[in-house]
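Heads up, there are several structures right after this.
Common to both upcoming complexes is subunit A, partnered first by subunit B, then by subunit C.
Moving on to the complex of A and B:
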């Protein structure tokens, strides 16, 4: 059973199209990450699920229900906001209780949602507080909590009503790096424990790669690709996805197909599979698939060496064009080449990505 | 060094507040004749006589009535207008400008406007409030309510604009309807602004003078004479001592009322993090 289905959903603000004809099925129990740069429409898509934005066109379903015109409170969703949106004048306990007060809640042993009694609410609060280590802070106000604790209160407020779908809008962006890594693990834990559907918006590919069961990558209101983290990394559907996922990003250069290789200046990138001779394409190679050595079919002039301790990033100019800079990762123990040296580069043919120059779509081998 | 840094404000305060106030208090200790000469020291007995007298009590009652008429109405109407105008709509700025325009209106204009509206013969409302002992002060207070509305509107609107949209959205998802959102979220969050506005409106009401002079002249038969109005009536040379005592009385009343508001309301006010 699908949890959320976008069927041709469009959101327009006047002449601006924020989400353009989105088709996306989010399965029950899935951790779906909507990933993209700012302004790509991912947050708008999330807010449409919440009911905070009206839908201009198309059909949105949650479970078996079309929810285009269903009130936010009746959608059985909970949202964690980027700013946490805690009520500053209420204690942690009151904040967590908030969704239970007016919203009908599904209770075990019955399909009919109903309002909880005071005792049931207290039990739910205690349970959520226990789960998120908030028990000592229940009587405090949000101002007396650290960023990480506030974030957990926001999560507790979401889990307390046990909704069908959790919506999360960049919930980790206000945490420091260490806490972010820790919370990522906790969110994955939480997801595994409840098995509830999570729709998670972020522009951070590390969050997407580490937590998602599937990633939906968006750009300029359009869905670019949906797939597991592995799918989108290994077989990006187009140049945008290829360059958006991965740090440092995929190396790319325009060239022409000639036989079994893409020719970029003097260099020949051999690929697996077949493409039409003479076709204008863009060749792509991930930094970790490029190494120094080989038969010299690809040559580069070293322009930068960045030593990071655990590895070095070597940037070379390929095809005698300053625009074609290819970065490769080198083991920290290897001796890096000197800047200005010309070095042979190699990449396994099956690791070479080829995209159509005009449409930027991936060309299957 | 510390004294040097404090000197500018201390000098200003001394010159424009402490010294005149001391003179006012001292003036209350004297009586004089109709020419304003022949000062005679009567001591604190004049304070006792005036402050326990019927005249002062009547003025105080009218002043407090004026507070009751103008402050709650000003708060509620200002908040209603601000809530109505706090939304993203095309042309909303026009309404925001109109609603705040009374702030730029002088007391004289407002008073003349309401004098005309309330005139029993030619007035638009065709009511005889200004000649009715029970309604004259209420009639005058309408002009104050109207004139303060612009200020109330601006202050409450500014308060509403500091409430994060995300809080409203979170409350919507939590199942709160518009009314519950307003009372459970908005109102507590703008409470510092409302406290400030309450204090300002109370002080305005206790100080109201020009509208009374222009609309009802304290009448009929003194039924709209507030404390300030009575002080004004005692600005004749032979009554200066009595007027001074009343002025000191008004100061004390204003001080106590303001202090009480802070003490009573402050506990219910939420100051953000």
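Moving on to the complex of A and C:
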């Protein structure tokens, strides 16, 4: 059963289209990450699931229910906000209890949600606190907690009502790098243990790649691609996705199809599969798939070498056009070429991505 | 926070201004602390001086206090009974009681109406909201003299002269309170409001469980402002109290304390009695007042 379905959902603020005709099915138990650059409409999409934004057009379903006009409290969702939105005047314990006070809650062994008794609430608080290591802090106010602890309180407040769907808006962005990595692992663990549906918004591709079961990539309000982290990395649906995912980003250059290769200047990038001769395309190669050596079908002039300790990034100009800069990752132990050298480059044909120059869509085999 | 150390050139660390404390620093900071205390004590004395002078004036026999060479800082021919006499003669306890009733009615009424109106202006959507808010705020510009006569007519028509409602009801709504508390509500992060909506709190429970507690410093300082203004009212009670024996508030009773040059200290003593509730209020609310005055000035 699908947990959330967007069917042609659009959100407009006056003339601004924040989310444009979104079709997306989020399956039950999925960890779906909405990924995209700032302002692409991720938060808006998430807030529409929560019911905090009205839907301008289209149909939104949670479970098998159309929720376009359902009050947020009746949607059986919980949200972790970017600011955490903890209640500063309440203790941690009261914060965690808060979602259980006014709403009927789903309880095991009964299909009718009901209000919990005080004892049941206490039990739920204790359970959430145990799960997130918050037991020692239950009587503190949020101001007396560290950033990581606050983040865990926000999570505890979400899990306590055991909602059908968890919504998270960049919940890790206020943590330092170490804590972020640790919390990432905890979230994945949480997801696996309880098999809950999570919709997670971020602009950080590392978070997306490491946690998601599927990623939905958005740009300017439009959905670009949905797929597993592998899918979107190995077979990006268009140029935007190709360049958005991966660090350093995929190398691209405009060229023309000729036989079994894309010609860029004097270089020929052989591809697997078939494309129409003479077609204007953009060729794409990830830095880790490009190596120095081979038969010299592709040649580059070294412009820049960055030695990072664990690897070196070598930037070459391909095809005599200064705009066509290709970066390749070289093992740190190899001797990097000197700047100004002309070097042969090679890439396996099945690693060459070809995009239509006009539509920027991926051209399959 | 000082600048600690900067890497201007890679690998070369340049010491910043705070890098090393001068050796005599402990002494200096001790001196600085003493200096601050001297300054603060001086300022406190300056503020307390008028109160002290008033007290001396009340306790001294008037004729002795105005003799050439008599220090205003010391009591002369002390009359300990002056407070008793002021209270008896002006019936001050009764007047103080009435003042408290009126003040609490006004302050309580202002709090309730301001909180509710502020909520509407901060959180609800309704037609012409901005215009209505602007009109509401415009009433701040009207001095009491402008509304005195029309209000007086209304109160007379209602037959509310010499009554608590006559003294309190016309002041139970205020643009100032609405404005201040609305600002407080607007300062509550919108994600907190969103979280409570998801958790199922409606307008009423959000207002009392979240919005009001989160704006407590603002509400407390407004309470003090409102209390002071209501307690110190003079013109309006003067106008609606015709039976001053039974309906005087403290400010009216003070004025009615008949004094001659020989008993002028009775009026001064009465003024000190009238100040008691204010002092109590300031002591009770001092923390909130300071918080309210600095709210928004300090982050966090």
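Points worth noting:
Basically, the second predicted complex is superposed on the first by the 365 of 365 C-alpha atoms of A that agree within 3 Å, B and C clash if a C-alpha of one lies under 4 Å from a C-alpha of the other, contacts with A are read in each partner's own complex, and residues count from 1 in each chain.
Here, a residue touches a chain if its C-beta (ideal position, glycine included) is under 8 Å from a C-beta of that chain, and two chains touch if they have at least 3 such contacts.
Keep in mind that this is a model prediction, so the values were computed, not measured.
Clashing of subunit B with subunit C is the outcome of superposition onto subunit A. Using the contact criterion defined above for the overlaid structures, shared-chain residue A:142 touches subunit B, although it does not reach subunit C.
In the superposed model, A:85 lies in contact with both subunit B and subunit C. Once the two complexes are overlaid on the shared chain, A:194 sits clear of subunit B and of subunit C alike. According to the touch criterion, the shared surface of subunit A, contacted by subunit B in one complex and subunit C in the other, consists of residues 50-52, 72-73, 77-79, 81-83, 85, 87-89, 98-99, 101-103. Within the complex formed with subunit A, the subunit C residues making contact are 189, 191-192, 194-202, 205, 210, 213-214, 216. Of all residues in subunit A, those touching subunit C in their complex are 47, 50-52, 72-73, 75, 77-79, 81-83, 85, 87-89, 98-99, 101-103.
Here subunit B touches subunit A in the complex through residues 164, 166-167, 169-177, 180, 185, 188-189, 270, 272-273, going by the rule given at the top. Those residues of subunit A that touch subunit B in the complex are listed here as 50-52, 72-73, 77-79, 81-83, 85, 87-89, 98-99, 101-103, 141-143, 157.
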